[in-house]
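These are the structures, in structure tokens.
Next come two complexes, and both contain chain A; in the first it sits with chain B, in the second with chain C.
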Partner chain A sequence: MSDKVEIEARELVKSFAGIRALDHVDIAVPRGELCGVVGADGAGKTTLLRCIAGLYRADGGSVLPGRKGRNEVGFSPQGFHMYPDLTVNENIEFFGSVYGLDKKTLSERSDELLHFADLTEHRNRLAGNLSGGMQQKLTLACSVLHRPPILLLDEPTTGVDPISRREFWRLIEVLHTAGTTIMLASAYFDEVERCQHVVFLHEGRVLADGTVDHLTPGGMDLETAFRNRMSEDAILPGKVGFTR
Partner chain B sequence: MDAKDDKAAQTNDFTREVSTSAAVARHASSGSWRRLRAITRKEFIQLARDRRTVALMVGMPLVLLIIFGYGIRLSVNGISAELVGRNSPTVRAALQAQNHFKVLVTVANSESAARRDLLDGRTSVAVIIAASGLPTSVLVDGSNAFIAQNALDYLRSLTSASGVKPVNVDVLYNPALRSADFMVPSEVGMIMLWVGTVATAIGVVREREQGTLEQLMMTPIRKLELMVGKILPYSALTLVIAVMITVLGLLLFQVPLRGSPFELLLFAIPYLVSALSIGLLVSTVAQNQRQAMQTTTFVLLPQILLSGALFPLSAIPWGIRWVSQLLPLTYFTPITRNIFLKGLGFTQLWPQVAVLCAMAVVFTILAALFFKTRLD
Partner chain C sequence: MSVAITTSKLGKKFGDEMAVSEVTLEVNTGEVYGLIGPNGAGKTTLIRMLCGLFIPSFGKGTVLGFDIERDRARIRERIGYMSQGFGLYSDLSVDDNLRFYADIYGVRDTEYVDSVRSRLGLQDVSGQVVGNLSTGARQRSALAAALVHRPELVVLDEPTSGVDPVARDSIWQLVGELASEGVTALVTTHVMPEAQRCDRLALLSEGRLVATGTPEELISRSGLTVAAVDAAPWREAFAILQRQWPEAALYGTRIHIPFSGGGAEEQAIREALRGLELRSLTWQRPTMEDAFIALASTRASQ
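Right after this comes the complex of A and B.
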């Protein structure tokens, strides 16, 4: 793993209709690291990933890779966002062509990724008819067709059964081993525990970040550590709703 | 090799080509054409599988063809009439007394000059006055059946009320004053507008609803490639439907096509680009397909009502007639009507074609400006 930072948010601020979704967020992820962002619904995980991907323009601060670096990013949004009326093969062919892969490369990558994601025998099924787990694997396959060095995954296993979740994590680990820098947003503590670097995100602010060991002193589990940080955050002076 | 070994082999396969920025840049730079072809192909596949939409797009024009083919009669005032031969105060006073006619000051010198004025659309009625000062015959422009039918009715009541001996009336371009001859050419424009705008707006908004637009925004695809790739299949669909309506109009209603079909197709292109760009503009404000349909109706209804396709422009009050000047259908309707019924071509129709070309450029620029490649 290199020290070169591939994913970064510096003093990142983003608001929607006057409501601050991200409040001076600072995160730096070195090349090749697997970073997990954990927080409850509405914590700002999706907004953070979209800002990093350049899908949202930041109101303040800066991000890497951002819009200019989108060719180096594979992005897997929350939920199923492939074409349900195209087959698995057609979805892969479409995204491969859009990424500029030639026919031969596309065919090789398609075979490889379908095998890798255990979707080979489903290649002629309409994507809309796949199970939730298969759909997530297809989304992941399409987002890594162009071999991006950076991968952003927004709650990729939400609504997926436990067996498919395990399968999905196997794929993430393969990509991580291949040297891909990955940022994964999740609401599941057991998932982010697998990451080298964990960020606690709450109400648009970073409560803490570091390795799991660093965040969980004395054998505490990650969820308890997160709750403790939330409690500490709630008694900070100046916070809305603060009562001493 | 057991399953575990197999997966390990996959891992090795996958890790063999480690991601590098250079590799990605190489892929990203490889061709706008490939991306355009990919998105166009995808749209065609989706269109072919979306049988309900295709049925609606093809079925609706057929229903409209049948409905409009039988026409709608409406009373029209302010019909332009020209006195030919001499300025007869008696006839002029009789025409003006009715309030239905707007008598032109210009008096054509001969019947051939009057026919030219009718061909160019400078007048709808030409009354030929004999040396005695009495009308001998009347020429009526039948290419607009509403106006012609109303003019004939008014002329008949005029002759009987004023005691003037009924004159010989010769209706040109649509002698039988058939509603179909009037409506079918207009309908080509209305259908193209409807199909082009609705299909494009729905096509883009559906991508947004499915979340696939978000995925596309993360690819190297450029805004223009996405716009063109989205509208090409709908352009083809719209042109096919326009040809279908024309052929059915010719076969089913025996509507004459006196001008060049090639020119009709050629002049339809800037009009089609305008319609599709309006569809793209609608897609920039609509968040879902229901909103897209509502916005499209809001945009299309004034075009249908104020463009002269159904009601003559002269029947539209001056206060809102300026709106008509901003609508592409206002310029395409005289093109179709004049090519079908009068056999006119570019020499006479270039002003309308020029305005449509300008509109196509303006609407495309507006669509490109408002079409976002970010989510906020």
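Right after this comes the complex of A and C.
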């Protein structure tokens, strides 16, 4: 597997109404890697993914793929964004047409993805009537219709039960082992533990990043490691007065 | 030890469907008791029977010594219930909501309401309209509202769903503190590391109790051991192992395979990976999530 960097933020800065959502963020994710970004609400996870997907223009620094590489990215936003009053099939057809897939490709991809997401027998159900776990799988299927080499997932398993969550991770594994570069934002430490590369994001800054082993010396758990970094950060001299 | 909740063969039928059947359990006073189970397992239905919101179809139960069928009004006065649906007025401020709930319960002790508010770290947002708050602050406000009348039992239905790790921790810390003051907590969650913060757990699947016990007991009862394999190249190793053991899962570049029973499969793993570089093969305890999935599916397949 080549080490070419597929997802990158360099000195990335993004502010909203004078408040810094991302403050000089540096992250590099090589091709084929699964990277988990964990942090509290307001840490900047969603803003980071949106900048990488090219949905937001950075105020400073640079990102890859960003606006120029938008076609290479599959983006699965937080929450449920399918049309609840359309069927599973109709949603897939709609997103396929957005990606400009021709009819034949779309019908092949659709069968393939319904099978992949284990939704074949639900293809004629209204998306709004699916369980939370199935909705998440449908969202994922729609975000990879155009076979993007890069996939961005924003808290994809929030609120689903452990069984649906494990099923969802099976799908992530399929994409990951097939070589897709994936960045996943999550609020759950036991979830990012399954990633090759973990980023602690806090108040718009990267507190630490590396493998789980690297971040958890002496067998400490990942959540404790995160808390330790957060409290170290809080007492760092010179932090006060940082432009916010 | 006094008992806060008892049920005996408790059941609820909706039409032809048994949402809950034959649930017999006991929750001690001051205990943090977790209800876990897949969606549709009957957790919320069970909770609603205990809170006096649903009348049981079968069996009986008591909450704080009161009969869940006859004494529903008395039970409701003494418990704090935080439902999954958000219970606060989103166009009112946090303080207005707390005052409203305090009035309903006839609470005059405003000092106590203040202390609840500050224990949940809500001072800074107390004047803000609830609808504009983050999920974490909203859930903490809803918990505060469930506590204003000093309930002896709090019933929390997925209190941390959609809440970030920092706010989640503050909710669980408060639940722990309340328990040490003698307040019993009945909590549902889908997040297994949170379930492990409970004193005891009941696992429901398809309306039935599958297992009860401490988190450690449930993990042991699953009968699982997990092989952790570090092999190179990991993609090939994973493909091979998953073909043979579909439960194999990736953790970084390591592969975890849960097995029921002992470590008898070690030789089979080594053989499957012949030709690849096996860096390490160790055996570890399953996670709560591994145990949950094993226990919930034994039930479903019976």
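What we mean here is this: the second predicted complex is superposed on the first by the 239 of 244 C-alpha atoms of A that agree within 3 Å, B and C clash if a C-alpha of one lies under 4 Å from a C-alpha of the other, contacts with A are read in each partner's own complex, and residues count from 1 in each chain.
As a working rule, a contact is a pair of C-beta atoms (placed from the backbone, for glycine too) under 8 Å apart; a residue touches a chain by one contact, two chains touch by 3 or more.
Treat the numbers as computed from the prediction; the structure is a model and nothing was measured.
J.: Mind checking the superposed model to see whether chain B and chain C fit together on chain A or clash?
T.: These partners fit in the superposed model.
J.: Would you check which partner chain A:Gly132 touches, where first means chain B only, second means chain C only, and both and neither mean what they say?
T.: In the superposition, A:Gly132 touches chain C alone.
J.: Should A:Asp41 be classified as contacting the first partner (chain B), the second (chain C), both, or neither?
T.: A:Asp41 sits against chain C, while chain B stays out of touch.
J.: Once the shared chain is lined up, is A:Arg166 touching chain B (first), chain C (second), both, or neither of them?
T.: second
J.: Name the contact category of A:Asn71: first (chain B only), second (chain C only), both, or neither.
T.: A:Asn71: touches chain B, not chain C.
J.: Could you tell me if A:Thr177 is touching chain B, chain C, both of them or neither one (first, second, both, neither)?
T.: both
J.: Quick check on the superposed pair: does A:Ala187 touch chain B, chain C, both, or neither? Answer first, second, both or neither.
T.: second
J.: Please tell me which partner, chain B or chain C, touches more residues of chain A.
T.: B
J.: Is A:Phe95 contacted by the first partner chain B, the second partner chain C, both or neither?
T.: In the superposition, A:Phe95 contacts chain B only.
J.: If you've got the overlay open, could you tell me the nearest Cα approach between chain B and chain C in whole angstrom?
T.: Distance of closest C-alpha approach: 5 Å.
J.: Overlap of the chain B and chain C footprints on chain A, residue-wise?
T.: 177
J.: For chain A, which residues count as touching chain B in their complex?
T.: 16, 50, 53-57, 67, 70-75, 77, 79-86, 90, 93-95, 97-102, 112, 115-116, 142-143, 146-149, 170, 174-175, 177-180
J.: Tell me, which parts of chain B touch chain A in their complex?
T.: 7, 10-11, 13-15, 17-21, 23-25, 27-31, 34-35, 37-39, 41-42, 45-46, 49-50, 210-212, 214-221, 374-376
J.: Along chain A, where are the residues that touch chain C in the complex?
T.: Counting only chain A, the residues touching chain C are 1, 34, 38-43, 131-133, 158-166, 169, 173, 176-177, 187-190, 193-196, 211-213, 223, 226.
J.: In their shared complex, at which residues does chain C touch chain A?
T.: 37-39, 134-136, 158, 161-168, 190-193, 235, 238-239, 249-253, 287, 289, 292-293, 296-297
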